[in-house]
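Two complexes are shown next, each including chain A; its partner changes from chain B in the first to chain C in the second.
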Partner chain A sequence: MKKLLSAPALFAGAGIFLIVGLLLAFWWAPTDASSMGFSQKIFFYHAPIAETALVAFGVAFVAAIAYLRTQDLRWDRLGYVSIRLGLLFSVLVMLTGMIWGKAAWDTWWAWEPRLTTFLLVCFLYVAYWVLRSVVDEEQRRATYAAVFAIIAFIDVPITFFATRFLPEGLHPVVIQAGDSGMEGRMLTSFLISMLGMTLLLAALIRRDLEIEDLRDRVTDLKTSLGG
Partner chain B sequence: MSGWTQFRAILRKDLVRELRTRDMLVSMILFVLLAMVIFHYAFSVKEGADLTYFTGGMLWVTFIFAMLLGLNRSFAQEKDEHCLDGLLLCPVDRVTIFLAKTAGNLVFLLIIQAVAVPVFTLFFIERNYAGDLLPFLVVLLLADVGICALGTLLATISMNTRSRDLLLPILFLPLIVPVLIAATGATTLIFAEGAGFGDLLARLLFLLGFDAVFLVAAWGTYDFAIGE
Partner chain C sequence: MTIEEGVKYVAAAYAIILAVLVVYYFMSARRVSALRRDVEALEDEAKRRRAPAGEAGAE
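Right, the complex of A and B next:
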């Protein structure tokens, strides 16, 4: 079991699912019937990345609560590794979203509720990094970061909900490919991509935690050598 | 001392300290009035342009920035004079400190709004909205509670860091966007089109929900934010 959850195994699993998902999306799932046509294929990447970004922030949220309860710095490390990766995935969401927006609506940027929410999410978690960088003491840094991670994660769905209040007239018509209308073969390809992307996140978290451990050991060694 | 007495004592201390010098209030009110003038010049793009539709946004942007000024100031004093250390040494529940500080900031925000709203109305709004005054006051109060609760929590964190007042806007602004959206929307509806409680219901409930969620979240985390 432990071997199965090691970083290389997770990477391999993620690779297999992502490649299979991509092949299915292009050659097996039907081309979207709406006006988007072929450009809708990016959805099989875009939506899993978005879901994975939210999973990463969810992991950080749970880790933050666990840290505040236990004061164990390993939770803090899990939290900040997750947020770093979540931020990376969020940037990818925005990039793929912009590419899709250009193809579907002929504009690079639309103040569409989901896109807007992800922009704010990026700012929120960049703020998390700024906060970490200005607190020197380790325990205190972990505590503040945990409090902010909790507040930020609560704020994300609220922000998404609030963007619904914005006047509709300003938005281009949003085609909701993710809604119930997804056909069977499309859904299967999508779920496989999603599983692959989530495994990729797990693999990256694993690897980053190992790197952080190694970094600690190097620091300890340097200290013990009087460096 | 009961929690209520402690709450009142801390709130009273904040108000008395401010009313003695009036540093913070004077600069916040001046800031709000100056912002109005700046907005006037920034938006004067066409002769006789009606700014009614933009006034809600201007007002809330001004309030949020003014609050940033006030929050930084209120905690800088606590920190510089070591007042907060004294407060923490007292046998007072941390949540009581949070609620009292939030209430103090709420009072200051309401005072600057009492000055700003009539002036903005006089200069920018061409429609008479006196009939919708009650819903407007409810919007103000609900949004203010959210702004002050979240602001107080984040100001407590940022004052304990190296960059202090530089950090607060970066933490506070992205988190307060939902309040800005709902409050601006509701205010614009009232100013420009006239809206009663019925039209504003969704936004008012949203603001109420925001207040409740973040008051509870701050309740749960303030112990950690304020430190040992």
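Right, the complex of A and C next:
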């Protein structure tokens, strides 16, 4: 079980699902019949990346609560790494969303509910980084960061449900309660890509945690050797 | 939108995603290897420094 959850195994699983998802999206799933047409193919990675970014922020939220309960710095580290990766995925969502917006609606950006709240999420988590960089003392930094991560997470469900509560925006609502909104082959391709992206997030979290552990080890050894 | 019209947008989106993810993957892999080398070197140095101290203690 431990081997199955190791970073290399997770990367391998992610790679397989992402490649299969991509192949199915282009060669098996039908082309969208709406005005989006072929540009809708962007959806098969764009939406899983968006969901994965929100999952990463969710992990950071849980880690923040766990840290405040236990004061264990390993939770702080998990939150920090998750937010870093969440931001990486968020940048990808924004870039691919802009390209898709240009293709589908002939505009790079629109101040509509989903896009605006997602941009706000990005700004909030950038602020999380700024906050971490200005506090030197480790335990205090972790406490402030955890409180901020919990507050910032409030915007995540708002972003997710923005298109459902305010449907007049440009961004389409694809998946709704009781209805995937997709043809069967599209849904299968989407779910496979979604699984791939989630595994990729897990693999990257594991690797980034290893990097942080090794960095600590190097600092400790340098200190014990007298700088 | 036809395939001819949409292909440049779709290609650009997937190129950005794959480029960013692949670059991040290899950067983090390089970082892990470099840090592992640093840890090994520092541990060797720590052992070297402890050895003469141990020998002096035995004398």
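The rule is short, and it goes like this: the second predicted complex is superposed on the first by the 204 of 227 C-alpha atoms of A that agree within 3 Å, B and C clash if a C-alpha of one lies under 4 Å from a C-alpha of the other, contacts with A are read in each partner's own complex, and residues count from 1 in each chain.
One rule holds in what follows: a residue touches a chain if its C-beta (ideal position, glycine included) is under 8 Å from a C-beta of that chain, and two chains touch if they have at least 3 such contacts.
Source: prediction; values computed, not measured.
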item: Partner touching more residues of chain A, whether chain B or chain C; value: C
item: Chain B versus chain C as contact partner of A:H46, first or second or both or neither; value: second
item: First, second, both or neither for A:V20, with chain B first and chain C second; value: neither
item: Partner chain(s) touched by A:R217 [first = chain B, second = chain C, both, neither]; value: second
item: Which superposed partner A:V130 touches (first chain B, second chain C, both, neither); value: first
item: Partner chain(s) touched by A:V62 [first = chain B, second = chain C, both, neither]; value: neither
item: Contacts of A:Y144 with chain B and chain C, given as first, second, both or neither; value: first
item: First (chain B), second (chain C), both or neither touched by A:I99; value: second
item: Which superposed partner A:L225 touches (first chain B, second chain C, both, neither); value: second
item: Chain A residues contacted in one complex by chain B, in the other by chain C; value: none
item: Chain A - residues contacting chain B, complex; value: 68, 120, 123-124, 127, 130-131, 134-136, 140, 143-144, 146-148, 150-152, 154-155, 158-159, 161-163, 165-166
item: Residue numbers on chain A that touch chain C, as the complex places them; value: 11, 22, 31, 35-39, 41-42, 45-46, 49, 88, 91-92, 95-96, 99-100, 102-104, 200, 204, 207-208, 210-211, 214-215, 217-218, 221-222, 224-225
item: Interface residues, chain C side, partner chain A - complex; value: 1-3, 5-7, 9-10, 12-14, 16-17, 20-21, 24-25, 28-29, 31-32, 35-36, 38-39, 42-43, 45-46, 49
item: Of all residues in chain B, those that touch chain A in their complex; value: 150, 153-154, 157-158, 160-163, 167, 170-171, 173-175, 177-178, 181-182, 185, 202-203, 206, 209-210, 213-214, 217, 221, 224-225, 227
